[in-house]
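Below, each structure is written out as structure tokens.
Each of the two complexes below includes subunit A, the first together with subunit B, the second together with subunit C.
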Partner chain A sequence: MATQESLGMRSFRVLTGAVLITWLILPLIPLAIWSFAKGWFYPDLLPRNWSMRAWEYAMSDTAGVLDSLWLTIWISLVATFLSILVGVPAGRALGMYKFRGKEIVELMILAPTIVPGIAVVLGIHSVFISMGLNNTVHGVILVHLIPTLPYMVLVMAGIFSNYDPAFEAQARSLGASPLKTFWYVTLPAIRPGIIVGGLFAFLVSWSQYILTLLIGGGRVETLPLLLFNFATSGRNDITGAIGMIYILPGIIILLLTAKHLSGRSGAVGGFGQI
Partner chain B sequence: MSDRMKIFLLLLPAMFIIVVLFFGGLAIGAMRSFNYMPVIGLTQPNFDAYISVFTDREFYLSFALTFHIAFTSTVISSVLAIGAALLLRRSFIGRGLVNFLFQINLTVPHLVGAIGMLYLFSQSGSFARLAAEFNLIASPADFPALVFDPYAIGIILQYVWKEIPFIGVIVLANMQSIGEDYESVARSLGASKWQTFRYVLLPLIFPGVLSASVMVFAFTFGAYEIPAILGANFPAALPVLAYRKYTDVDLAARPEAIAMAIVIALLSAVMIYFYVRYSRRRIRG
Partner chain C sequence: MRHLLMKCLLASTVMMAPAATFADTADGDALNNMSWDEVVELARGGEVNWFLWGGSDNINQYVTEFIGGILSDEYDITLNRVGLSDTVEAVNIVLGEKESGVTDAGSVDMIWINGENFRTMKQGGLAYCGYTDILPNNALIDWDNPAIANDFGVPVDGCEVPWSKAQFAFAYDTNRTSEPPRSIAELLDWVRENPGKFTYPAPPDFNGSVFVRHVFYHAAGGVDGLLGDFDQAKYDEVAAKTWQILNDMEPYLWREGATYPASISAMEQLYANSEVDLTFNYEPSGVGLNIENGVFPPTTQGYGLTDGTIGNTNYTIIPFNSPNKAAALVLQNVLLSGEAQYQKALPTVWGAAPAIEVSRTSPEVQADFATIVSHPNVVPAEELSKAALPELQASWISAIEKGWLENVGQ
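Our next item is the complex of A and B:
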């Protein structure tokens, strides 16, 4: 089909492609420029003076940006680890077995991917207050499991539906312990799923705003909260720098997983939450 | 160990978390919205919160605005995403780059996109400066209000920016697994390009588009930080209004806030129904 295409059609494609490229990177450009600007006043198209001030501020030990970065990484890592721990067995059950009530279980696991966080978190907040979990990192990690866990389960269910348990049976019959069987047989087979699902869980947790704001009570200040505060207080240069830092892990993760990613994977739905 | 026992144990931890945190959160929220909280001595459930929500003009304005944001963003993103997927299906100069940017964009949190839109479209933003450079406007106030505006244009632009790649990636994968054979047959039988798209390809990709759109609609209806950055103060998007009421110094407004959250949850339940109808095959892997 491609060979019959006219020159006009081909240039139309290149043109719309160019428009699309411009549109996709456009919102990130002022953020990047702001982070190096020293005052950038209307109607200047570009800043008159450039400076590293915002970056120096963001990287300094006293500003709290780095503390916030480590805290965000820690919360997302723990939420990811817990999602893997809990999501892998559930994925196995859903991917490998047919059972009564399976559709209801699937629906219950899917529900948090559609129901917005604000609808759930107000109720959780009042329970967490009575349990002393509000305003704590633990509380924040727990609520992050609501959006992260479903994707982990969906990805693992996909992996286990193509998984042959006969290898496990062989390993067991040859005398391997259940632990050894898991470590040497199951784990290598499901590792790609764990990596992709885990990276998605990390990114979903990384991008949470309202859950952290309400449960953390502003006391657990992750990077998105800090970014929001600087953006609404008009410190555009620092906002730009934090914004750049904030999108970096996503880009790194993308570069790592590009070959695993396809729209067919259940994991891609996770992008809808970021 | 029987299979039943095995399945039960495998599912137990995940179901425990989802039932306790997610459904528990919803249930406690629902109870509070009915002013039913035996722990703090409220044992007589009532509809007070819902009555004050449903008799408040601001709620209807917020609801209408939020629906407009979600509906308009979803429709525009879906249409443009199908276009983008059609584009990316063929090879052309720069396809690799578009593909890469598509995926980069997926990983950028909405909050960053919202701030970017603010810097682009505010009255002293990049586009206003560009307009001033070409003498189209004399002062920032002459630039049309695209953020904090009553039509939520800035919010919609942000969602369109972020959701085109999301829906696009899903649709593209859909198209690639369908292949081009059906279209070739239609073409060889004399169908025009448009007919081939309208009567062959579109019906094939429609379930995928719909399930992605449902996710987008539910997300855009319930998101907080994007309208909080780009939205007008009054009327505010429903999640922003709910958050404001919840954090009001007057604690009596809390049940109202939760009642609004329950309204959002009910609407997303309708979305789940559609999602499940059209995406079953994707879950099965």
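Our next item is the complex of A and C:
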């Protein structure tokens, strides 16, 4: 009976895996084909004319895709790093301690994921202008923290709710400095959470459109901005080419961190148990 | 590890700091009293941030490479083309800056604009005005032409300069349709005979809105009674007929009219995939570019209507708080030059009709214009202009858009 059940579980797992991969990969295939097509009309199964034009444009100085790619990577990396810097202590406080007004703090942190960005972005814009942060890369990084932090803090809170601070006390009693304790005891224990939360933060920052557009004043041209220009104008070939470039970093990071994302990882297990 | 990252962060702060500043030319009144040579001197070595719709690689290349090349070679000015998905995004930036009290350090130096967005800018005091006389190439503009002096019925009053002219045109696929409907009346019959093969983008989409105005003109029996200020009684009478026509047409539209495409590019995709058989655009040269770019089948042919199509002019505007007004003026002057307008009119570059009077340009430029062979699938501007209809004032347009949403698109 037990073996039968595990066999059922296994085939279910393989099936969901296959569905997930199909679901993720299949929509990308037409995008890739489009990027090499010069016209692709119903009912043709494949384009009749192939062309490198979309790629030539995407790689040209005029398009600015490559500059934009480096800038977007930089913004997302710094936003992720800052999210970790803020998210780890915040997650620890929320996951390990009970304090007055904790629910309100949780709600405030969750708010950016509930309230649509478009509703608050004009207000944020005027605040950023008064602080002189508009039209700068710094401003864009800072404003990206609004949507990235909830993910980081929630993941870390989940990790810390399953975390036993007695290990830290032991290390301290054995003579480790606070820094050493953090480095050798705390960090290894919470690392899966940092990786998962950081991945969320990176991808959320990576896909920001309206916040980047307004706070960056159009001067901080990240890849989603370039992509939207062509996606909304029906240029499937150039959208395909820029889209291929756009998803690359996400895929690379996903592959690098894949082993931490399985169901057995502590980062996912503790999720939602604040 | 953390140490290193902090260092990187610090280094970036230094790196991202703005480069050495150049002459600030935010004071528009001062510029208006200068000679052109003084303006050019002030602009030299600076930069200009031009915000314009960025969805066409042809237009992007023309702006960045051709116009940007002239600016950097002849004036040492750096042109930053900022691509937009919708012009209103740039207007909102300027609006937000004005509300926050940014009066001389705005981020937008120039916008490609017309219609509703121009009205917002002008009425909101967001435009820099009164400079047209100092542009040497202003002499090429025929300000006596009401279609140039009024932007969708709103007087320009020196607050923007024209860039291109456009006139609405239909297009069909000669492989699919032997004879397309050539007037609004014929179209209404054609839609009934070919159910599911026509649709239009839902207003307030720019192109969907102008299509509805064509039906509105048809219902009014001509545009003559509609020109001038908004007239509620006249509107009520014509609007009732228009909604009647459009609602009668609805069951014969694509998906029985249960839904309308949200944008012109969505409709162009429907056309390209043979879901609908007709398409249209306010920019008739788009047919040529769309064929060359593989968006449309090569058998697509543009055409006008016998009862006329609506024409408009599009412009470039300088926001009141632009800190680089001198460079923006130089850019506008370059855009208006015969050479730049000729380049823009080439079908391989863009194919946009010039907004200047070609007859006022140098003999060389006139000779160049004479050699232009328009794209064979694009209906020539001269042919379209034989049956041209004026645009209504913006107050009419917004009333019609609102009425459509309430009576047809609900």
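Definition applied: the second predicted complex is superposed on the first by the 202 of 274 C-alpha atoms of A that agree within 3 Å, B and C clash if a C-alpha of one lies under 4 Å from a C-alpha of the other, contacts with A are read in each partner's own complex, and residues count from 1 in each chain.
The definition used in the following text is that a contact is a pair of C-beta atoms (placed from the backbone, for glycine too) under 8 Å apart; a residue touches a chain by one contact, two chains touch by 3 or more.
Everything quoted here is computed from the prediction, not taken from an experiment.
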item: Touched partner set for A:Tyr163, first subunit B, second subunit C, both or neither; value: neither
item: Which superposed partner A:Glu221 touches (first subunit B, second subunit C, both, neither); value: second
item: Touch count on subunit A, higher of subunit B and subunit C; value: B
item: Contacts of A:Phe200 with subunit B and subunit C, given as first, second, both or neither; value: neither
item: Partner chain(s) touched by A:Leu28 [first = subunit B, second = subunit C, both, neither]; value: first
item: Which superposed partner A:Asn229 touches (first subunit B, second subunit C, both, neither); value: second
item: Touched partner set for A:Trp55, first subunit B, second subunit C, both or neither; value: neither
item: Contacts of A:Leu45 with subunit B and subunit C, given as first, second, both or neither; value: first
item: Contacts of A:Tyr151 with subunit B and subunit C, given as first, second, both or neither; value: neither
item: Touching partner for A:Thr136 - first (subunit B), second (subunit C), both, neither; value: second
item: Contact residues common to both interfaces of subunit A (with subunit B and with subunit C); value: 42-43, 122, 126, 130, 213-214, 228, 232, 236
item: Residues of subunit C touching subunit A in the complex; value: 5, 9, 12-13, 16, 49, 51, 53-57, 60-61, 64-65, 80, 82-86, 89-90, 92-93, 96-97, 99-100, 102, 107-108, 263, 265-266, 268-269, 272-275, 293-298
item: Subunit C-facing residues of subunit A, complex; value: 37-43, 47, 49, 51, 53, 57, 60-63, 74, 78, 81, 122, 125-126, 129-130, 134-138, 213-214, 217-219, 221, 225-226, 228-230, 232-238
item: For the subunit B and subunit A complex, residues of the former touching the latter; value: 3-4, 6-7, 9-11, 13-15, 17-19, 21-32, 37, 39, 83-84, 87, 90-95, 97-98, 101-113, 115-120, 124-126, 128-130, 132-133, 140, 158, 161, 165-166, 169-174, 177, 180, 184, 187, 212, 214-216, 218-219, 221-225, 228-229, 239, 242-243, 246, 254, 257-258, 261-262, 264-265, 268-269, 271-272, 275-276, 282-285
item: Residues of subunit A defined as touching subunit B within the complex; value: 1-2, 10, 13-14, 16-18, 20-21, 23-31, 34, 42-45, 85-87, 89-90, 92-95, 97, 99, 105-124, 126-127, 130, 142-143, 145-146, 149-150, 153-154, 157-159, 161-162, 203, 206-207, 209-210, 213-214, 224, 227-228, 231-232, 236, 239, 243, 246-247, 250-251, 253-254, 258, 261-264, 266, 268-269, 271-274
